[in-house]
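Below, chain A partners chain B and then partners chain C, in two separate complexes.
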Partner chain A sequence: MITEKMRAAAKELLEKGEVETVIGWEKGTFWYNSTPAFISKPEQADRLVFDEFCANNLAKYLLDYRNADGKIAVFVKGCDARAVNRLLQDNQVKREKVYLIGIPCPGMKEAPKTGAAQDTASLPLLAKCQSCATPNPVIYDQLLGDPVPAREVPNRFAGVEALEAKGADEKYERWGKLFSECIRCYACRNVCPACNCRECAFDANGLNWLGKQNNLQENQMFNITRAMHVAGRCIECGECERVCPMGLPLMDINRKIIKDLNELFGSYDAGLNLEDRPPLGHYKLDDPEKFM
Partner chain B sequence: MRRTGVFVCHCGSNIAGTVDVERVAKEAAKFPNVVFATDYKYMCSEPGQQVIKDAIKEHNLDRVVVASCSPRMHEPTFRRCLESAGMNPYLFEMANIREHCSWVHPDKEKGTIKSIDLVRKAAAKVVKDEPLQKSSIGITKRALVIGGGIAGIQVALDIADAGFPVTIVEKEPTIGGRMAQIDKTFPTLDCSACILTPKMVDASQHPNIEILSYSEVEKVEGYVGNFDITIRKKARSVDMSKCTGCGTCWEKCPTKVDSEFDMQLGKRKAIYTPFPQAVPNKPVIDRVNCTKFRTGKCGICQKVCPTGAVDYEQQDELITEKYGAIVVATGFNQFDHSVYGEYGYGKYPDVITGLHFERLINASGPTMGKIKRPSDHKIPETVVFIKCVGSRDEAKGKSYCSRTCCMYTAKHATLVHEKIPGSKSYIFYMDVRTPGKGYEEFYKRTAEEYEAQYIRGRVSKVYQKGDKLVVRGEDSLIGRPVEIEADMVVLANAMVAREDAGDLARTLGISYDKDNFFTEAHPKLRPVETHTAGVFLAGACQGPKDIPDSVAQAGAAASKAIGLLSKTQMESDAIVSNVDESRCSGCMICKGICPYKAIDAKLITERVGGKMAERQVAAVNKSLCQGCGACTVACRAGCLNLLGFTNEQILAEVEAVCL
Partner chain C sequence: MSLNTEALPKSQEVTASPEAAPQPWEPRIVGFACNWCTYAGADLAGLSRLQYPPSIRLIRVPCSGRVNPQFVIRAFQRGADGVLVAGCHPGDCHYSTGNYFTRRRFLLMQRLLEYMGMDPRRFQARWISGSEGPKFQQVVTQMTEDIKALGPNRKMRDVE
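Up next, the complex of A and B:
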């Protein structure tokens, strides 16, 4: 069982004093919740679990430990590992300050519609896991369990292609309706590993082109700006869409940008490795110059 | 509350003809923060500038807007005007109501309304302007010259004579370049070597000149006044400090190779100097062809060397040096005529190029100056010259005129007449272009006294018939086909850029045109400067040129470099990028996209939760930054701002026009 191995690994790291905190998951209020857990004592290791509900991407929490004295251990699934690469490439965490424990991920399940106990096998995979092509961690110091076979992934741009086929008015109406529902809670931003600025442009004072009002115009500005700010760096963990309380299809916007970038600058998957720089973060002599 | 003055220029009738300037000034006076507005015939003139200076004093202005021409034209003029009135020169905006309005709009009413809008925009921005300070940078008083041909040698001599140390980097084993290959020079027919080799010797003996032959520029870092240049000294396999240039090694070397210097018409050894007057006169080993390097056996040169200078183990050496200025003088190549089927795709041995011909008539060439055709060494009696091979041909060659071919073909025909009694030259041409001092007279002499027959028309085919080459073409002046049985055909190939010119341009960060010639900063007014400060151009690397033009341009480039090096400090522009360190997260996306390598990471220390913590942020090198603004749009947190064009200032403009 992965859970046992997790607990043993965390206990050992904390006992030997190799890390000062371990970030993992523990059971939440309900049986279908597994929430992030932060443990710093060996005896707390038994709280850790790994089950079908460990959807949270833990990498982002490393930002809270930027100035920690010791090392931080964090459990990483495929998507979490890509998020760690994101933070490493963005110079937000130092590799020598983190200890990564990889967990091959079989895919996470959706919470049931009702709280009644039921067989988890019958629950559908989360949307973000259905289109996941990297269930195995791409960076780790230690791997628990055997790598899982890559899942059969449908064309992840199918949704974008369907939207592209629509007329401009139809698209504008659709997004207008969706963005008018946005409550500007910023959950999408807070959970995103690519949103790692010290001060978000939407929190800053004096940037008077970014308004804080909750109306369609400003909501559009926010949602599009958020997507543009992670353009070329989005690791497709799908956390933004998963945490959106209004259920906005945010990955459609992210994937549209990814698709456009792939078409312009060649195929690129952010966070797969540290060497490949984001397409908008450097220039090559043979970059297309269609606008010139 | 700011006190802005608006000054509207008539520019004679340039603006006033299509814009009601008085109305613009009257409207401008009503804009917020504007306390004074007026118009004047020529704002840039001495009395016009006095109007501004007087108004600054009288109305206690702290911001100035001039509505006139493009800032590219007179922004520096008005900035100086503000400075002399005691104001910071950056508290100033220009509204371009000439190029952007009066020159492009015929309707006076609409043009006036647009002008008012443009002034409103400038007046909105100027109140957000902040005083900026120029910074100054030190200058390394040394110059690097890339290329040791006649242009490079001349630049080096001129700069060295002015008292500054110069390094010539030449990729061949010797300096001299193309001019060393040439026999005689037009229009005077004096011997090329006789005027070049003394200059080569001067360069090698000049106390301020260092020659790095068989070397190439590998990397260029830094900026004007402070370039850090890495030079690769290729392994010569000969210790320069021990070699005396006695020549024993190349006399004894058993391996013979086609000589590049002789255009493959003659032979050289595997250890060689390209020609007897080489500077430095010390050999290199051609490792590709040397028997020792190919098979491990031989080693004769090492055995016979009296000073033990031959070193087979020598490695390439990288050196990094600091320079203040760079002059690029990398010269040209000959167009490869193998794309022309009508001239035999370069397959007939007796169809040669102008440079081949130069080697054939050169007294130190492979034939000792006797014109012998390459195939059977017979002396040709009939020689056909074909001009514009690759020049002025957009389909297969280059669109430009190579400028030198008319003259050197005339020279070749003259020399054929002089050296081969009873010979006959035919010259196929499109036009004869001789725009130089004494050039037309030279051409006339060739045609009249030296009996070269000029035929206006193109050649449609050259083919072998027995030991003759049949040249078939058209005489377009009489409208008849002509056919000439020739012994040799000489093509006037176009001058083209070096094939690696693009690579060097990218290393240096200078621009180049569609033909890979380096681009000057302005075709008329800044012909030897590039857009990269501190990098200058000389000779044929900038475009086809003959020797007089190359030498003249070399002198010009040298004077620009001397002008730069004679300063101790240099002012750099204040319009540069600026980092808000408190908000910078140190992601360094900006570093990767900066085309001038002006951004680097630096560590800052700050107090976090009662402890001191180190954090990485972006830092802009103000001397390197050219103010292009690419980084400002890459920064998602918006903490990079271009001073003088901050987000707030631009937004103020947008609001003034759109709201």
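Up next, the complex of A and C:
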């Protein structure tokens, strides 16, 4: 059982004083909630769990410990490990300040529609896990359990291609309808491991990039800017879409950008390899020249 | 970044062609011109008495790499019918590499805006050097014609 191994690993690290805090998951209010847990004493380690509902990407919490004295241990699934790579690449955290405990991820399940207890095996996989190509952590100090076989992934750009084929007005209307639902809670930004600016453009009052009204135009400004800001750095963890209270298909925008970047500047998967540089962070002399 | 929004045409149909428009309509194009090349090119066009449509409003920026995607969206929000980002030819950037980043960024953004339903002809980038007055004239004329054919922009716009 991964849970027992997790607890043992966390306990050992904390008892030896190798790390200051361990970030993992614990059971939340309901049986289908597993929420992030922050463990700093060995006796608390028994709170940790790993089950079908540990969907939260824990890497982002490392930013809260940027100024910690000691090391921080964090449990990483495949997508979380890519997020850690993202933060390392952005120089947001130092590799020697984090201890990564990898967990091969069988895929997370959707919370049931009703709270009644039921067999978790019958629940569908989360949308973000259905198209996941990296269930195994790509970076870790210690791996719990055996790597899981890579899942068969459908063409992740199929949705984008279908949308691209539509007419301009139809596309505008579709996005307009979706963006007017956006309540600008910024959950997508807060959860995103690529959104790690110390001061976000949307929080900077003086700049007035974004008004206070909640109307279509401001929402468009927010959503397009958010997409452009994470362009080339999105690791496709799908957290933005999962946490969106309005259920907006944000990955359709992120995937469109990833698809274009791959077509224009060569194939690139953010967070897979620390050595690969994000496509908008460098250039080549022979980049496609459409503008002249 | 504030554009004069008072003199904008009122309640025109998106589909209105220039002939059918109730009053002669001129597009408004916001041009972000790099200080070192395009701005000088525009200056040369003026000095050489080259005629080009008065539809473009130039905003001088230190480098085409200074142009933030938000500038473009804000221009459309505040009533621009088209946006042009213009800078030095690749290899000629005053800051060595700025326009190479511009090239990547706006190629991507143009495709994203198209995906969101904007016509890509409304958002263009061009390389115009300080000695290319005639090219500046030709780019502005061409873009004005394209946008006249498309009609006023109603998308992403928050002013009437």
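Definition applied: the second predicted complex is superposed on the first by the 290 of 292 C-alpha atoms of A that agree within 3 Å, B and C clash if a C-alpha of one lies under 4 Å from a C-alpha of the other, contacts with A are read in each partner's own complex, and residues count from 1 in each chain.
We take it that contacts are C-beta pairs under 8 Å (C-beta built on N, C-alpha and C of every residue); 3 or more make two chains touch, one makes a residue touch a chain.
The shown structure was predicted, so the numbers you read here are calculated from the model rather than taken from an experiment.
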Clash-or-fit label for the pair chain B, chain C on chain A: clash
Chain B versus chain C as contact partner of A:Gln92, first or second or both or neither: first
Partner chain(s) touched by A:Lys290 [first = chain B, second = chain C, both, neither]: second
Touching partner for A:Cys132 - first (chain B), second (chain C), both, neither: neither
Contacts of A:Ala201 with chain B and chain C, given as first, second, both or neither: both
Chain B versus chain C as contact partner of A:Trp209, first or second or both or neither: both
If touched residues of chain A are counted for chain B and for chain C, the larger one: C
Partner chain(s) touched by A:Arg277 [first = chain B, second = chain C, both, neither]: first
Touched partner set for A:Met251, first chain B, second chain C, both or neither: neither
Touched partner set for A:Ala59, first chain B, second chain C, both or neither: neither
Contacts of A:Lys171 with chain B and chain C, given as first, second, both or neither: second
Residues of chain A at both interfaces, chain B in one complex, chain C in the other: 201, 209, 228, 280, 283, 285
For the chain B and chain A complex, residues of the former touching the latter: 506, 582-589, 592-593, 595, 601, 608-609, 611, 613, 616, 634, 636-638, 647-648, 651
Of chain C, residues touching chain A in the complex: 69-70, 73-74, 77, 90-91, 97, 100-101, 103-119, 124-127, 155-158
Touching residues (chain side chain A, partner chain C) in the complex: 160, 163-164, 168-176, 201, 209, 215-218, 220-221, 224-225, 227-228, 231, 253, 256-257, 260-261, 264-265, 279-280, 283, 285, 287-292
Chain B-facing residues of chain A, complex: 66-67, 90-92, 196-201, 204, 206-209, 228-229, 277-278, 280-283, 285
